[in-house]
């Protein structure tokens, strides 16, 4: 798998996303490479979350939203008529901006997703492995039965990552996963992402330029454009290129902080 | 990082099978949830139908005496004067005098005299009544049964809810009983209750929202109001019995104001009891209405040098008024339907005199419903059903008024 | 030097007077509670103080006939328990299911069509429910279960009481369910959960304390409900757990005795207040618990 050419997981074709009549995201074409971290950056309101949530059909819960174009996962259109969104989400997990553990014990937070998805193996083992993968095991191994709400914000976020990897998705979406956390917790999450990319494809939305530069392999730059002020992707390439030698003037202004 | 657990998740077709099973149980449960609502709707329909079923239907009745015993004119051609003279000559002098005292015979309407004639002289006797459903579905059988069992009886499809029913006072015979006294009693009650509870409740709400500082006393008052809203209504009845009926008897019976021959079981006592009962509801509603008035309005008023009361009176209250009134109307409809406290404070069991003032004895619509429902004879159940319809219509109009008021004065900000 | 304006405080008689009046209106509610406690307590005190009555008799006896010196409260308590339990057995599953449907499944349009029906159900006077219990539910039960169902019975009163309480349970539970933050539902969906799994396994447990509060308020309502039991459950205390038999509840007893000709200062009269005091205390405790639970619940998600 390490050999070239790169394997693509998600591919979008002329993807546009609407809320009612409002065009939030226009004409996005990108390829997400497998087992790499792709960052989506751009100013507030440019549709980063909207795009991210389209990947696992979370936008379905906004009744007014709909998409045109295609999102292909290994060639299957995720918005095809015969696609079951529940199955999509089982394959494409998500970590949210604010940690949102279930009001259950730490153990149950992880076991629940596995259970509803028909997990057959040793649950204790799965819980331990997932917590270890999320670099949380040592901190919580003595209080697995305690409520997840007793953990710190950073720990809760890692728990949310652990419960996502417990169901063995292929792709993990992260919407500003560290923005509610302190620098130390942020660092831990970033280290964790480096670990996880051995096995998972990660797409992360972030407002933090340094973070995007530090963790991601590829970066997609989004921007509000045109008269309709709808968001679109203006540049997509390897992260080091985006930050050292952007093709687009607007990208350069944004990453160097001259955007305004 | 090789994960041996991956194999433990069903994949592909087996996952899809499992997922389909999950969907099946999900839709099954969704049906269960929906059916709870359907049961609720069905219950409401059944309840309303049961009431209608009782209020209309066939009746077989006989007269104990033949109309020809009293007059040669056919029944439906009897005029008012004829009726009066028939009554005068056939009733005992004492009975006639008593009726005359209740309401002068000469000033009574034709319908009034006619029903007296039926009641006192012909002495109608209801043999059997049938439900509305039976009357529609088995009309032929009913007719056959009636001619067979009661050869002398007349069979007629009757609505127990008639204009007559609304305008007649209480009677010991279901056929002649009406709810005029009860409706008037209910109106008196509700009027007194609101007269007491609306100003006091609004005042309390203003105090809590606009004046009270956040301290322990305020918190106690607030908790206490919430608790009072949950006290069983019959406990309010006990309170009313002890305080208004007994302790304050000189005042509530009117003895202190020169009313003689009365006790504390007056419409005033009952109305005040009802006022206590709805007070917490009115306070809570008024608080919500006052809370909804934006702070900018108060600040604007203070900004031009108004005092607190001027601010409340000129700006807060006018804007909160529709909300307060809506809440009060809802509280009124609660008071209109309450029964238990009235029983305890001593609604009269039999009374045919309209309440004429706060010191009158009284009965009320729900009290009549209760008494007639608990009678054994089916014709009383029929008039209970008829009075339920009256009560429900009153409640419906109150609620419609509340909704209209709410829509009319939709918040402008 | 004199300032051009006088800005010192001046007494405003009108303002202070009005403020005092408003304050009085505010504390009147406290006096109401005190009056209830005083009135019920005083008469109950007289009751327990009378030589014939002992606590042993009161809490030990299974016959209640104050007129002839029998003061066992149990028959009134058990029938209250039976009718309230039946009511909760009916209203909790139905009310909770209805709430789940309304908050998790129904579209805004369906919801706004269905909710008024529950509100109508909640607005029907209880004496009308009494009529319904006696003249519809009892014959229905007699049709199903036959002879063993007496004309007055606790089952029909309990079931109809359950229908009466259903809207309360449903609307309080719905409030609790919709207070569960969206982020929790999203988390569940992102794990590949179906809507049903999310509602039942994530949202419902998260709202459980709110639902519990609704349940407790429901019990308090059922215990204090008078007219349904007065009409349909039977007149006369009866120590039985058989729901098909007639038995008078605490509230039903108060209503029947006080509705008759009752002479003040009799033991009968005092005994009613003792019962009412129990009723008041039980419902007060239930209401307080429920309020605490709701408050905690709100703090958790705000």
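For reference, chains read A, B and C in written order, and residue numbers begin at 1 within each chain.
One rule holds for everything that comes next: contacts are C-beta pairs under 8 Å (C-beta built on N, C-alpha and C of every residue); 3 or more make two chains touch, one makes a residue touch a chain.
Remember, predicted model here, so these are calculated numbers, not experimental data.
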{"item": "Category of the chain touch graph - line, ring, star, complete, other", "value": "complete"}
{"item": "Chain occupying the most central position, where position means C-alpha average", "value": "C"}
{"item": "Distance from chain B to chain A - Cα centre to Cα centre, in angstrom", "value": "60"}
{"item": "Whole-Å separation of chain centres (CA-atom averages), chain A against chain C", "value": "49"}
{"item": "Gap in Å, rounded to a whole number, between the CA centres of chain C and chain B", "value": "20"}
{"item": "Shared interface positions of chain C, touching two or more other chains", "value": "194, 197"}
{"item": "Residue list for chain B, restricted to those that touch at least two other chains", "value": "22"}
{"item": "Chain A, residues touching no fewer than two other chains", "value": "86-87, 90, 116-117, 167"}
{"item": "Touching residues on chain A, where the partner in the complex is chain C", "value": "56, 58, 61, 86-87, 89-91, 93-94, 96, 98, 100-104, 112-113, 116-117, 160, 163-164, 167"}
{"item": "Residues of chain A defined as touching chain B within the complex", "value": "84, 86-87, 90, 114, 116-121, 125-126, 129, 133, 167-168, 195, 198-199"}
{"item": "Of chain C, residues touching chain A in the complex", "value": "181, 183-194, 197, 201-202, 205-206"}
{"item": "Residue ranges of chain B in contact with chain C within the complex", "value": "22-23, 25-26, 29-30, 32-37, 39-41, 43-44, 46-47, 50-51, 54, 199-204, 206-208, 211-212, 220-221, 223-228, 230-235, 237-239, 241-243, 246, 276, 279-280, 283, 307-309, 333, 336-340, 343-344, 346, 349, 366, 369-370, 373-374, 381, 384-385, 388, 391-392, 395, 399"}
{"item": "In the complex with chain A, residue positions of chain B that touch it", "value": "1, 3, 5-10, 15-16, 18-19, 22"}
